């Protein structure tokens, strides 16, 4: 038996495969297809202090080996999560993390505070990198100072595991990772989506209502791998790698590049069973290559 | 007859389609396949003050809808260009631009100076964005101050058209575009490659000898379109758009987003005739949509 | 309803006209329960350009033959690729997705099922279902010209068929919304699927005449199961997911 | 030599063994001039994973039948996809690319053509060419076991064939580089293609014995025509492009 479990900033995951925020709903959406309790961790949708309607339609465009989205954090707000969603998921035997988003530091702090007491939510993922909201969001993730500031403020009030999700739309992601590590992040996850755009040549208009949106899927994998490799050399806290993971092989590439765990995002749309297939595939790989422990291959590159 | 010609920082191109540096050799490599004089402009390989051997093998990796390269500016130096290559291309009826690369400002300046007197080279493309060389290269393109500095220094000595090629590996590409415009660039081209990485899961090694390399091809198109759209709103000089253009439709998307001309790179490897097909396709599009002049659709988004 | 991910086998691919084809899919085991109005998410394989699944309405379910029918219009890369599939090919689907049309209208209701273009797709299954449940259906089907009117003989099995064509080559000339039946007869319920302008016109007609009207919407989708929130439509209750809260909506709830 | 971009028609796709297949391609018009050692860049269509062309040696050109033969090993997505092609399929190629083997050795030279694995591919065309030009060829072909020795009857048409297999099931047991013929006979010229360790061993053998040795290298390629500089190999003269300055090199010029 190979050991698949990993520790992410104090949270023990039964395996290194998580599902990415905004791509897996609250997990329940996938329960007809797979046993979601097999997944190492589930990051729920971006959650904000108040309900948000998100951006107008169209919010999505297909691109070469990827997609753009401009959902813009549509969600019913943290109170709805606490009262309506939490009771439905709290007894599922996996780790749910809430992806906390906001437009101001106060919003982030207030949202995080409300999640502090949820016994079965061992951590939050601080989304300082959403490119799809007008104010805040990505802006926090693109400078060291603001990334540090929001991390510090949330750290002060939030006592469980704090994962900070980094934006790839920056000149130097290692600097930002170090800044949030310094302010007390327990782990970092990367990458969020790359800011992109799609054009309808026949209609001579941008496809998305917001013109620009976030690029995800295999198209971004090379950029994500590079950033995971850079960040894992720059920080001591665990790095959670994501961006374009479609298969166990992709997941292993991220782990070799330095990720302690991975998240699967867009791939869930193409194959709703992919997360569990990836868990199995990682196990097969370790067995085939005679490793006893997933940690043996973390960051060997 | 629709008007396809465009003016790029003082250089009249017969059509808006150029071929991108490092993907089209000196043009001659493609002359068995197409009449290269039909192309609006040809940007030759990255040229440096002295000969460079580039990076060790392997230098290339295929990715989803794209490729990584780590050629590292292999070239025989500017003097070789002037004495050996220039005589072979100078009578071809298109516009050749030399892509000028370097590790220090002095190198850039010295290289540009040597190209000043080549009558049939109406301009250079200043490559401040190559991710594949240890010192210099991309470093110049990732901060406003250094981008401005190198542009200023080259502008002082180079009297023909100065196109500056921007790096996409930055937090805010508009700022950099404005900085080089301010220092006298006649046009900007974007994007160069996104810094990426590929991993061989079975060998547990990076595929490229340099670990990281430059990502190109359709995978990057959404990012390139977004940056072209942003930059074209930030500067008054012409913007040349590139990144993942594989078809006339892609080229038109860039033009609609704000590019006065486009460059075709990686696509040449898959179809060596693609540049002329794109010219024809743009013409068809204009005719079909009853536009008389390519300028009618530049930046309508 | 429980959703499945299934590999079905293509039994038949019939080219109906230049732009439309009909896939008949089957499986060794009985197809799961599916209801009219629901759709499937089709995986398009072997294409460099297609990345996401494509949503397609359930055109008909033939329980006797254990067949699922999809009626598809060629509009881009994905539908083109599907049109090239040969019998024997394996097609991967998520199904059944979305809500259904109202399947239990008041007995004796005067029902009209209105489809424009490929929007007729979900109405065959709906008509068959309603007929089986002792309702009488009127179909009003519109197309550009006679040759674009698809599956007429199939529809005729389940009710009275009225048609319009833009060039007058079959039925009345004009759009479905201009058909005289909408003036000459009155209906209790409209089920509609087609181009947005058509559905919008029907929504207006419905609100003017007070007829209850259900429309099946199209939308760009990524997941098809309510996870991504990419497929929203604007409604009086805010953004609704077409893939889970739709594709069928009461036309009054939508902002047109 | 002028290069072409051509759509050829697949006439035959023969599965030789689990891992190898032979494509015979043809065209209504005569195939352009091609010489032994050269290669083609094949476009792999209908694949989500494959983006770039794949370099493949010219295995044989049958001028009478106007056929181009490619012998391909399934190693990954591209070769897998090509192996699934059916007769009638159109295959797009750039050709002919690269340099050639030395095609005019001194008359009466004692020549040996050594191939390991799928590295035998370019040697059939070379052997046929040399035989046509009145040279006598010896082939030394190595494989894992008897069933992996491909195209033996073809090679026998053009010269004497020696073999090695790793399990001894055909010819001598061991690697080609251990075959007794290399000790018992002496040669003026070696043409080699195969796995790097094999070619490296032959390069050493050649430099020790003073035999002239040409090797055909593999390399990852993007353009195949000298434009991208992705395919370099290290040599005494610095980085050389395998696609234009090779794929055939004098083994002495290379840094092994």
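Here the chain labels run A, B, C and D in written order, and each chain numbers its own residues starting at 1.
The definition used in the following text is that a contact is a pair of C-beta atoms (placed from the backbone, for glycine too) under 8 Å apart; a residue touches a chain by one contact, two chains touch by 3 or more.
Small disclaimer: the values here were computed from a predicted structure and weren't measured.
Distance between Cα centroids is largest for the pairing of chain B with C. Chain centres here are Cα means. That of chain A falls 47 Å from that of chain D.
Inter-chain spacing, taken between the CA centroids of chain B and chain D, is 36 Å. One simple way to say how far apart two chains are is to compare their mean CA positions; for chain A and chain B this gives 34 Å. Inter-chain centre distance (chain C to chain D, centres taken as mean C-alpha positions): 55 Å. For chain D, the set of residues touching two or more other chains reads 48, 50-51. In chain B, the residues touching two or more other chains are 63-66, 217. Chain contact topology: the protein chains form a single closed ring, every chain touching exactly two others.
Which chains touch which is summed up as A-B, A-C, B-D, C-D.
On chain D, the positions that touch chain B within their shared complex are 2-5, 43, 48-53, 94, 219-234, 238-239. Residues of chain B that touch chain A in their complex: 63-66, 68, 142-143, 169-172, 194-199, 201, 204-206, 211-212, 215, 217-223, 225-226, 229, 244, 249, 252-253, 256-257, 285, 297, 300-301. Within the complex formed with chain D, the residues of chain C that make contact are 45-48, 50-51.
By the touch criterion stated above, chain A contacts chain C in their complex at residues 22-25, 29-30, 32-33, 45, 53-54, 56-67, 69, 71, 74, 217, 266, 268-273.
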